[in-house]
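Worksheet: the structure to be examined is printed underneath.
Letters A, B, C and D mark the chains as written, and numbering starts fresh at 1 in each.
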Amino acid sequence: MEAQGALALAIGLVGLGLWTVLVRRNLVWKLLGLNVAGGGAILFLVALAHREKAGPALEGVPGPHVDPLPQALVLTAIVIHFAVLALALVYVIFLSERRHTQDVRKLEETCPTRWPES
Amino acid sequence: MKVLGGLGIVGLVVLLVWLTWSCFPLGELPPWEEATAAWGSKNAVAAIVLGARLWDTLFEVLVYALAIAGVALAAGSLGTKAVLPPLPETPLLHLAVALLLGPIGVFGLYVAVSGHLGPGGGFPAGALVGSGLLLLALARGTRGLTPGWAGGAWETGKFAVTGAILLLGLGVLVLGARGEPVLVGLNVLIALEVALGAWVVLREFAHVRGEM
Amino acid sequence: MPYAVAGILTYLVLGVVGFVVRPGWLLGLLAVAAGAATLALWAPGFPPGLLLGETWGVAVGGDRVALVFWALALVLHLAVVLHERHRTGPFHPLLTLLVGTSLACAVSQDIFNFYVVLELVSLISFILVSYESEPKAVWASLKYLVLATAGMTFYLLGLGIVYVRTGTLGLALMAERVTQGDPVLVAGVGLLVAGLAAKSGLFVLGLWLPSAHGYAPTGVSAILSGLVVKLGVLGLARLAEVFPIEGLVLALGVVTGLGGLVYALWEWDIKLFLAHHTVSQLGYVLVGLGLGGEAAWGAVLYAAAHGLFKGLLFLSAGQAIYEVGERDLDRLRGKLSLPCALALAVGTWAIVGLPPLGGFVAKAVLADHSTAGWLAVLVVLSLGTAASFARLLPHFRSAGRGTRSRGFLLLELALLTMGVWGLVTFPGARDVGEWLKSLIVVAAGYGLHRLVHRQRVQLPALTLDRSFVLLLLGTLALVAVGLASWVLL
Amino acid sequence: MGTLVLCGLAGALAVFALTRRRLLLGVIGVGAHSLALAGVYLFLSAPDVALAEASIGFGLVTFIFLLALRRSGRLVVAAVECFPLLYQEGDRPAGLEWEILARLGDRLHREVHVLWVCRGDVSGALASGEAELAAGGFLVRSDPGLRLSRPVVPTRLVEVAVGPGRRVVLAHPCCEALAQSGDLRCEEPEELARALCSGEACRAVLDLLTFRELGLKGAWPEENCAIRVLEDPLAYRFAVALDAAEVHQALEELLAELEDRGVLADLVRRYLG
C-alpha cells in the first residue's frame, strides 16, 4: 500500500513538473518544474524498491529488507540533478544580464534559431 | 501547441500508471549480505555506491566537479561582480551562526565517517557542511569570510581532491584494494569535495549580480 | 578489461590534473597517447563482464563496436587538439574529460552506467557549447540542457520499469532474462529509447541539436557532431542487441533522416547547415542499425566515417568563418584560403559517398546488406545529401594560400586510410557497379539541386516550447509504436 | 499510514508551489516539498536517500534558487529628466531623488536601474510592470492606479503671465487639472518656453521648479511678468506600482528615517538652495 501511494505521488510529480515546463514562460519556473519532475522520477525508483513491511538494508535490522540497488542509483541521480540545475541557473543569470529577460519567447526573438536570410 | 503538450502529458501519466499497476506484485529480492561482507560495510547502500558500483560513483563525482567548474566559468565571464551584502547586523544572528557552525561541522564529519555503518555518506555530509558555510557567509558577508583567498584557490583545491578520489578509484578498480579504510577514505574525500564545491557555487551565485 | 578501465581513468585523471596545472594543448597529446596505448593493449576486445566481479557490479565489454568508437574518439581528439592549439584556460582539460567519458561510454554494457556517463558527457557539452560566453551559444546550451534533462527523466522512469521486470541492469544478464511477449517491458524499453533519442538529438525528440552544434566553438562542434551525438545512438545499438526494437529504430531513422534533410536544404548559415546534416546522417546510421546483422556493422562504420568527415567539415567551416568573418554560405563564396577550401572539398567528397574515401565504404557495406525497400530510403537520403552539398561546389575555388592546419591534414589522411582499408577488406566496395551507382546518385543530386536551389522556404523555427511539446508527443509515439509492433508480431 | 499522509503533504506542497504567481513563493514551496519528500523516503525505509534529499534537494537546491532570484532581481525606475531632482550627468543619473533611490537600492539589496522615459509614458511603464517605481518631479495629488510616497520636496503651482492672451499648461497631471478649453498643452518644459517666446501663448501654468529652471534660462523677461501662486501646497513624490507593496513600504520607512535625521532637509538645501 505504501509503495502504491508513493508511486502515485511520483507519477503525479512527473506530470506536474512537465506541465510547469510546458505552460510557464519564465525560465526559472521551467527549471523549478524540471526539478520537481526529476524528484518524481527519483521517488519512482525508490518506491519500486520498497516491499511490504520491509526495513532498510542495514545489517542488524531484522525482517525483510528493501532493495538497496535502486537506492544506491538514486543517490547518484540526486547529485546529478543538482549539478545540472546549478549550471542551468547560472546560465539563466547570464541570460538575464545580457538579454535582460527570463522570458522564453523574448529570448527566442533575440536569438533566432535560423540565421536571417540575405 | 500547449493543448497538444497537455494531451502528451496526460498520455504519459496514463501510460506510467498502467505500467506501474501491471508491475505489481513486485518480485523477490536478491540477498545483499554477501556484498556488505565483501566490503566491510554494514550498510548495503554504501557497499554498492562505494564498492560494487564505484565506477558510476567516480563519474558522479566528476559530474559534480564539472558542474561547479561550469558555474565558475559562466559566472566569471559575467564580469560585473558585486559582493553580497550581509544580512542586517544582529548580534542574535551572529551568535546563532557561531553556535550552529560547530555542531554542523561535527555532524557532517560524523555522517561522512559513519556512512558505511549506517545511513549517511560523503555527499550528504558535504552538502551539510556547505550549507553551514553558506549560513556563515550570510551572517558575515562573503568578503569578510574569505579575506585574501582568491576564488581560484578553492577550485584548485576541489580539483586536487577530485583527482585524489579518481586515484583511489584506480586503486580499487585496477589494483583490487578494498575494505573499511577504503570506504571511509572515499567518504571523507567525497565529503570534502562536495563541501568545497558547494562553497564555490554559493560564492559564485552570491557574487554574480544579474539583472532581470 | 583492466587495461580499458585503466586507460579511461588515466584520461580522466589527466583531465582533472589539467584544471590544476594548465599545460594547454600538450595535455591533449598526452591523453591521446595514453588512450592509444591502452587501446593497443585490449585491441581485439574483451568479453562482457562485471567490474570487480561483484553481484551488482557495472557491466563493461569491449567488442568491435567499442573498438571503432575508441579509434574515432582518439583520432578526433587529436585532430581538434592540433587545430585548437592556441586555446588556454580550461578548454583542453574539458575536452580531455569529454573524450575520456566517451571512451567509458563505448565500453559500457549497463543501462544505469549509460545514464551516468551520458549525463557527464552532456554536462561537459553544455559547458563547452557556451565556452565563449556568446549569449546565442548560452541560450542554445540552455535549450539543450532543458530538453536533455527532460529526456533523461523519461530514461530514469524506463530504467525503473526495466529493472523491476528483469532484476538487473547489465545488458548480458538482461538478455537471458527477457521474456518475450511482455508489454510492460516493451513500454519500459520505449521510454529508454525516448530518453536516448532526446539525448542524441534525433528528430523530433531532440530538436536542440542544430542550434547547439551551430553556435558552439569550432573544435567543440567537431567533437559534438563527430562523437558525442553518436553515443546516444550507441546506446540504442546496445539496447537493440537485447530487445527487439528494430521497428522503433527504423521509424526514428526515417523521421530523423528526412527531417534533418529538409531543414538542411534551406539553411544558409554554414555551421547550422552542417548541424542539420548531422541530424540527417544520424538517420542514415539508425536505418542501418534497425536493419540489424551486417547492416548494423555498416551503420557503425558509417558513424565512424561521419565522425571523421563531419569533424573535417566543421573545422573547415570554423576556419572559413574565422577567415572571412561571415557565416552565410553565399557570402563565403570564393573567399576561402586553399587549405580551407580543400578540406571543405574532401569533406564534401566523403559525405556524398564518392569513392575511395571513408564515407563510400560504409555506404557500400550498408547497401550490400539491406533489403530493396530500405535501400530506396537510403538512396533518397543520399540524394538529398548530395543535393544540399551541391551548394558548396562554388566554394572550392580558393582565394589564396592561407595557413595550414594539421587538424585538417590528419582527418583527410584518416578518411583516406579508412577508404583504402575498406577497399581492401570488403569485396563489395571494389565492385565497379557500386562506384557507378554512387556517381549516378551524386549526379542526380546535383540535378535536384538545380531544381530546388531557387526556392526559399521558411520552415518553422525550432523553439524551446515547440521542441518540448514534440519531445512529449514523440515519447508517447515511440511507446505506441513499440506496443503496436509487439501486438502485430 | 504515515507514508500516505506524508505523500499527500508532499503532493499538496508541490501543487501549491507550482501554481503560485510569485517566484519566491514557488521556490520556498518547492523547498518545503523536498523536505516532505525526504520524510516519505524515511518511511519507505531509504534513510540514505532521505538524508541526501534533505541535504541536497532541500538544502543546496533551495539555496541556489534563492540566491539566483536575489541576484537576478533589479529595481527598475521609470525616470523623467527633471533638473535638479533627477538628471543625467554624463551617462550616470544624479540629483536629489537619485540620492534617495541609491539608498533605497542598498536597503532592498537590489540594483537600481534607471529607465529614462517621457512624462507621458510613466503611468504606462508602471502599469505594465516594466518599472516598479517612478521618479523625476512626479506631481500628483492622488491616483487609484498608483501608490504615492510621502512628500519628498514641497512645491506649488504658479501661473506666469507676460501679458493677456492664450494660456499654456505643462502636462503634469496636477497642472492639467487646471487646464481650460482653449489652453495649449506641452509635454516638455522646453516646448512651453518656446510657446512663450514665440508669442503663441502669453500665460503659463507650471510648477515652481520648472518655473525656476526656465527663468534661469531666460524664457521670459524677469521684470515685467506677473506671478500668481495657485492652489494649495503640493509636493514632488515617488510613485510606486500597485503590486510592489514591498518597495513602497521600504521607501516610506527610508523617507521617514531621512526626514527624522534631517538628511532630507540637507539634500533640499544642497540641491535647491
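Assorted remarks:
Convention: contacts are C-beta pairs under 8 Å (C-beta built on N, C-alpha and C of every residue); 3 or more make two chains touch, one makes a residue touch a chain.
Values in this document were obtained by computation on a predicted structure and should not be read as measured data.
At the centre of the protein atoms shown, by the Cα-centroid criterion, sits A. With centres set at the average Cα position, the gap from chain A to chain B is 16 Å. If you average the Cα atoms of chain B and of chain C, the two centres end up 32 Å apart. Note on chain placement: the centre of chain A and the centre of chain D lie 38 Å apart, centres being C-alpha means.
Once the centre of each chain is set as its mean CA position, chain B and chain D turn out to be 42 Å apart. Residue positions 56, 112, 116, 119, 123, 126-127, 130, 133, 138, 157, 164, 465, 468-469, 472 of chain C each touch two or more of the other chains. Counting partner chains per residue, chain A shows two or more touched chains at residues 3, 8, 12, 14, 17-19, 22, 42, 44, 48, 56-57, 65-66, 69, 71-73, 75-76, 78-84, 86-87, 89-94, 96-97, 102.
Annotation for chain D: residues touching 2 or more other chains are 47-48, 52, 56, 60, 64, 68, 71-72.
An unclassified topology is adopted by the chain contact network, corresponding to no line, ring, star or complete arrangement. You'll find the chains touch as A-B, A-C, A-D, B-C, B-D.
Chain B meets chain C in the complex at residues 1-2, 4-5, 8-9, 11-12, 15-16, 18-20, 22-23, 26-27, 30, 34-35, 38, 48, 51-56, 58-60, 62-63, 65-67, 69-70, 73-74, 77, 155-156, 159-160, 162-163, 166-167, 169-170, 172-174. Chain contact summary for the complex, chain A toward chain B: residues 3-4, 7-8, 11-12, 14-15, 18-19, 22-23, 44, 48, 51, 56-60, 65-69, 71-73, 75-76, 78-80, 82-84, 86-87, 89-91, 93-94, 96-97, 100-102. On the side of chain A, the complex with chain D involves touching residues 1-3, 5-6, 8-9, 12-13, 16-17, 19-20, 26, 28-29, 32-33, 35-36, 39, 42-43, 46-47, 49-50, 54-57, 65-66, 71, 74-75, 78-79, 81-82, 85-86, 89-90, 92-93, 96-97, 102. Listed in rising order, the residues of chain C touching chain B in the complex are 2, 5-6, 9, 12-13, 16-17, 19-20, 51-52, 54-58, 60, 90, 94, 97, 101, 104, 112-113, 116-117, 119-120, 123-124, 126-127, 130-131, 133, 138, 157, 161, 164-165, 167, 183-184, 187-188, 465-466, 468-469, 472-473, 475-476, 479. Across the complex, chain D is touched by residues 43, 45-46, 82, 84-85, 111, 118-121, 123-125, 127-128, 130-131, 134, 198, 201-202, 205-206, 208-212 of chain B.
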